[in-house]
Amino acid sequence: MRDEVILLIEQCLNGLQFGLLLFLLAAGLTLVFGIMDLVNLAHGSFYMLGAYFAATFAALTESFVLGAVLALVATFVVGMAVELIAVRKLYGRDHLDHVLGTFGLILFFNELVRLVWGPAGMNLPLPPFLSTSIEILPDVYYPTYRIAIIVVALAVALLLYIVVMRTRVGMLIRAGASNREMVGALGINIRLLYTLVFGVGAALAGLAGLIQAPILTAQIGMGENILIVALVVIIIGGIGSIRGAFIAAIFVGLVDTIGRAFLPEVFRMVMTPAAASALAPALSSMLIYLLMAVVLVLRPQGLFPVDGK
Amino acid sequence: MLQIRDLTKRFGGVLASDGISLEVPVGELHAIIGPNGAGKSTLIGQLAGEISPEKGQIFFNGCDITRLPTHRRSALGLARSFQITSLFLDFTVLDNVALAVQAHAGHSFRFWQPARKEAKLRGPARAALARVGLESRADVICANLSHGEHRQLEIAMALATAPCMLVLDEPMAGMGPDESARMIALLGELKGEQTILLIEHDMDAVFRLADRITVMVDGRVIACGTPDVIRADAEVRQAYLGVHKARHHG
Amino acid sequence: MSKTLIAAGALMVCVSQPALAQQKSVKIGFVSTFSGPTAVIGNDMRNSFDLALDHLGRKMGGLPVEVIYEDDQQKPEVGKQKTEKLIESDHVDFIVGYIWSNVLLASLKPALDSKTIMISANAGPSQIAGELCSSYFFSTSWQNDQTPAAVGLYMNQEGVKNAYLVGPNYAAGKDMLTGVKATFWGKIVGEEYTRWPDQLDFSAELSKVRAAKPDAVFVFYPGAAGVQFLNQYVQAGLKSQIPLYTAFTIDETTLPRQGENAIGIPGAQEWVNDLPNDANKKFVADYKAKYKASPSFYGAQSYDAANLVNSAVVAVNGDVAKKADMIKAMEKADFASVRGSFRYGNNHFPIQNFYLQDVVKGPDGMLGLKTVATIVKDDQDGFHDKCAMK
Amino acid sequence: MNAVFTARNLVIGALLVFLALLPIYVVATGQFFPLTLFTRIVILALAATSLNLILGYGGMVSFGHAAYLGVGGYVVGILAKEGITSGFAQWPLALAVCALFALVVGALCLRTRGVYFIMITLAFAQMIYYVAVGLDRYGGDDGLTIYRRSQFAGLIDLSGKVQFYYLCLALLLAAIWIVSRLVNSRFGMVIRGSRSNDRRMRAIGFPIFRYRLAGFVIAGMMCGLAGALLANHTDFISPAVMHWTRSGDLIVMIVLGGVGSLFGPLIGAVTLLMLEEGLSRVTEYWQIIVGPLLLFIVVYAHGGIDGILASLHRG
């Protein structure tokens, strides 16, 4: 019995870690979505760039932490540059144009990375203090690095909450999400605000990417599949809502991981092992989409709709 | 014709409709006035079926329509025009009105015959355009009309659905004096033929046209009666007309 | 704009058509993955194939050789299109390559329908060894089940009592786990199939492995996924707790990114870079000289494929229209294979040795793969009796 | 306004003549690959045309339209695997299954608007994608090879490349004709009205949900037909045809060619696939050109290629 409980706890931690990672991606996506009304498929490209930058800078500086910080700065700068050069022209267009234009950006960045870094991908080795596992309960070990991810992501979530809820910039952001004209009426430089928000969103995606790099290695196209999951998260949470994104991200992370972990066993109880091992992976991959469809059928605006949308 | 009983709707903490009761008999031109935020738009939304009330009932021709969807209300003969011009801008003027005719000419699961060649749709549409004086503009793309013409087209589309009652949401908003005069003349002609509920800011028009006037403030009805009664009502003068004038002059 | 595009398109279609089958060269189509993270494998295969042509003097049976490389993007339907294009548009005489079992299965029909000789330099799905076998198909690699079956034998030798199996959910993944189960005597305490190729985080599976407390874990993760799985296995602290056995998870294309994590993790292979035969010594040395990297087994199999083609063309003196004669020649496997000599079974899959390999640090501090022992000699796949050819 | 020889008509005419005469060139030279390529282009143009009905005319941006390609294809593939190779059974069933699927998906999705609609259609496509992955008997992730093409009792032989190409082309032209009738019918006026202003449509008395749903089902069936053709063309069906990037490709074709234009999807399909084919021969890094090109078209060429052609005439 104890073993089962421990396994469940471990899987919940796995789910939580995945969920928090999704939150980092979804937060930037939902900010950009909510404030600029922009569907940014290229968000996953910043995730990829974050991983590549971190691997490169860490190798250059021979320091994991320094590499990570430089990578964050770099994605922030690249994000703002992309906003200034390309994305800015898409504001006010319909969503179809956004989907298509940013799809073009994905192709561009994937090939750019292939040109610059080659097709093989890059490894980001962990420093020794992170590449072990620690005892979270007596006799129960969990990778230190995954604990570190949980801590960092929670800290970022808290920081975002404070910024959005307690500061003047945050008030502007909230106002922008629900009432575009009002921000303009307040005499704020909207263009600058948009560029900064886009840069911050890119940096958050970059953070998610560099965090994943030691686990997944930096790879071309790594952002695309996770981008779709992040989109699912912000849709479930309600577009523009940071709180919604947070709750939905954790929910999606848990559902996906727990489903992946336990569905095969559940299936094996009712069908042959062969059929179960064929069906279970397919069904567990489907779970989050099922979740989104159910949420949208019941609440067409997501769980936490932002007023005025 | 239209009866509203104790209609109540709350947005957040604000009572947008606070127990509104109202009756419009057949043939009457009934006007609703009130300052901004008085709850007029919320009332129209509930009449049209876009907002559902928390409490209260709406009867139309004796039927309870409180919970009916928008298109069913239209089918029963309740037509509305929009405050913000809300037309099909990429269609021609005639297409717009023909679409309104089509909505009441049986189902539209007709997949093959070109709708633009159906006399059954085009004829009544042209008649409705003629009624509001837009027949010469029939083939213009709607986006190219002037503001006043958009407003006229709104009325034509409402008329084209062959309604029992028109709900007109500020048909004169944003119009110049000439356009307003033409609209007042048009409404004057319609009066008597149609039962009309008119929401309007233009006081001259309201007092010239209306049989009866309802005054709303803060989601409540504070007065209801003929123009003369309303003009004389002290509460209205203080609560609304004063405010209204101040806003216009200040 | 569109007009010029269409005109350009029409022009391109016209220009791309060479004059009809004037046999002045041997044409070989080569389908592999040249984009995405697994392009590393495709590039190694292309490099090795090209090196083989260098060694052959770029001629086969007196005719110059022309190779057309096509990228399958690791997608079955793309691979199939490219195969069709090579056959219909380029009229190739041989079609070679194929890393992935699912891509190969999708591409099989057009090749066989057009009676083009097809050589898989890697993928070996059980269906093609069995009921779908064809005289036009040859393998220079193995049937999928064979390598893991060799690992299973080795696990028996090591006294493993029970094991947990993990692999990707696609044709080869299923074959591989079946392969281990065919020879491993112990108990299978768990079996996981993961989404392929987009699942890269194995935390849920690793937690289950840890909870099941098996004697050993067997995995199959080719290409980039092998890097990710191994790194996560080490990060989870499992490497020191549960021994890991692998098939196609550690090779020269992944080792640079797996680094020291791979040391001491055994695998089975029909070819290792230090096999002591002359052909192999020349291949490895020249590869290192030309590309400044070590060749992998994918490369070795491609190198052999080029030599197999050569043996066929030489046998008919360059008259590649004589397909039946070429097939007869190929069945003899009469060339110097870098894995040492082998012969073909009735289903045109090799009957060959499998070796135990391990990762060691060389004297120069570089990591490399090394032969430890021979696990099984002259091994034939278990599907050859389902093949109608005799 | 009604001039026949506008730039746009000339291009469309030239394109149609080219498509009609291509097999003659192919047969004359014995080079069959262009025919294979263009059969594929024509089939995908049919899929894009079906999406254009709801996306271009109805404003329903479905990001999961490739699902119907897959469903149609899988019906053909599964029946073929089970030994039913008659096209008279396969094709109607493919259409019926697609209609049913579209009916269910549409009934649930059409409650939402805007980005939510884009995403929920994607969700259903992803679900059906993973259903296909789980079909172990029918190849799962690896797909299913179709060893015998649909049989039409000797009326037409789908294995004949030229015959098959002409069948696809005929079906594409029929689909374009049907769409042109549909969008100008009463039904079409409702669909188009709800694209530009669905609140207004309700106010004048249209129960638009059922009309949009009907449009959704028609588009699904049409795309299912494309799926049946595609399965026959490639002799193969796998979950990959339903991947979300494939749905994205269909949208790209429409926007490239011209949203809500009859021949736009065809022009877009030809342009996109020729561009891919052409650029990938020029450079391995062809996407670095296509990506910014897409962005450029979105930003500067509203209305796609068809829009540019139309404006040539006006200008």
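Order of writing sets the labels: A, B, C and D. Residues in every chain begin at 1.
Please note the rule applied: a contact is a pair of C-beta atoms (placed from the backbone, for glycine too) under 8 Å apart; a residue touches a chain by one contact, two chains touch by 3 or more.
On a predicted model such as this, the values are computed, not experimentally measured, just so you know.
Student: With contacts counted as C-beta pairs, which pair of chains has the highest total?
Tutor: Result: the chain pair A-D has the most contacts.
Student: Report back the single chain whose CA centre is most distant from the CA centre of subunit D.
Tutor: So the farthest one, by centre of C-alpha atoms, is B.
Student: Any idea how many Å lie between the Cα centroids of subunit B and subunit D?
Tutor: Centres of subunit B and subunit D (C-alpha means) sit 43 Å apart.
Student: How many angstrom between the C-alpha centroids of subunit D and subunit C?
Tutor: 36
Student: Centre to centre, by mean C-alpha position, how many angstrom separate subunit B and subunit C?
Tutor: 74
Student: Two or more other chains in contact with one residue: find those residues in subunit D.
Tutor: 133, 140
Student: Residues of subunit C that touch two or more other chains: which are they?
Tutor: 34-35, 169, 195
Student: Can you list every residue of subunit B that touches 2 or more other chains, as numbers and ranges?
Tutor: Residues of subunit B touching two or more partner chains: there are none.
Student: Pairwise, which chains touch?
Tutor: Chain-chain contacts present: A-C, A-D, B-D, C-D.
Student: What does subunit A use to touch subunit C in their complex?
Tutor: 3-4, 6-7, 10-11, 14, 17-18, 114, 119-123, 125-126, 131-133, 141, 143, 145-146, 212, 214-217, 219-222, 225, 257, 260-261, 264, 273, 277-278, 280-282, 285
Student: Where on subunit B is subunit D touching in the complex?
Tutor: Residues 48-50, 69-72, 74-75, 79-80, 82, 86-91, 95, 98-100, 102-104, 108-116, 118, 121, 157, 161 of subunit B touch subunit D in their complex.
Student: Quick check on the complex: what are the subunit A residues that touch subunit D?
Tutor: On the subunit A side, the touching residues are 33, 39, 86, 89-90, 93, 95-97, 99-101, 103-112, 114-115, 224, 228, 231-232, 235, 239, 274-275, 278-279, 281-283, 285-286, 289-290, 292-293, 296-297, 300-302.
Student: Where on subunit C does subunit D make contact in their complex?
Tutor: 1-3, 5-6, 8-10, 12-13, 16-17, 20, 34-35, 71, 75-77, 80-81, 84-85, 88-89, 101-102, 105-106, 108-110, 169-171, 195-196
Student: Once bound in the complex, which stretches of subunit D touch subunit B?
Tutor: Listed in rising order, the residues are 181-182, 184-190, 192-193, 196-197, 199-208, 211, 214.
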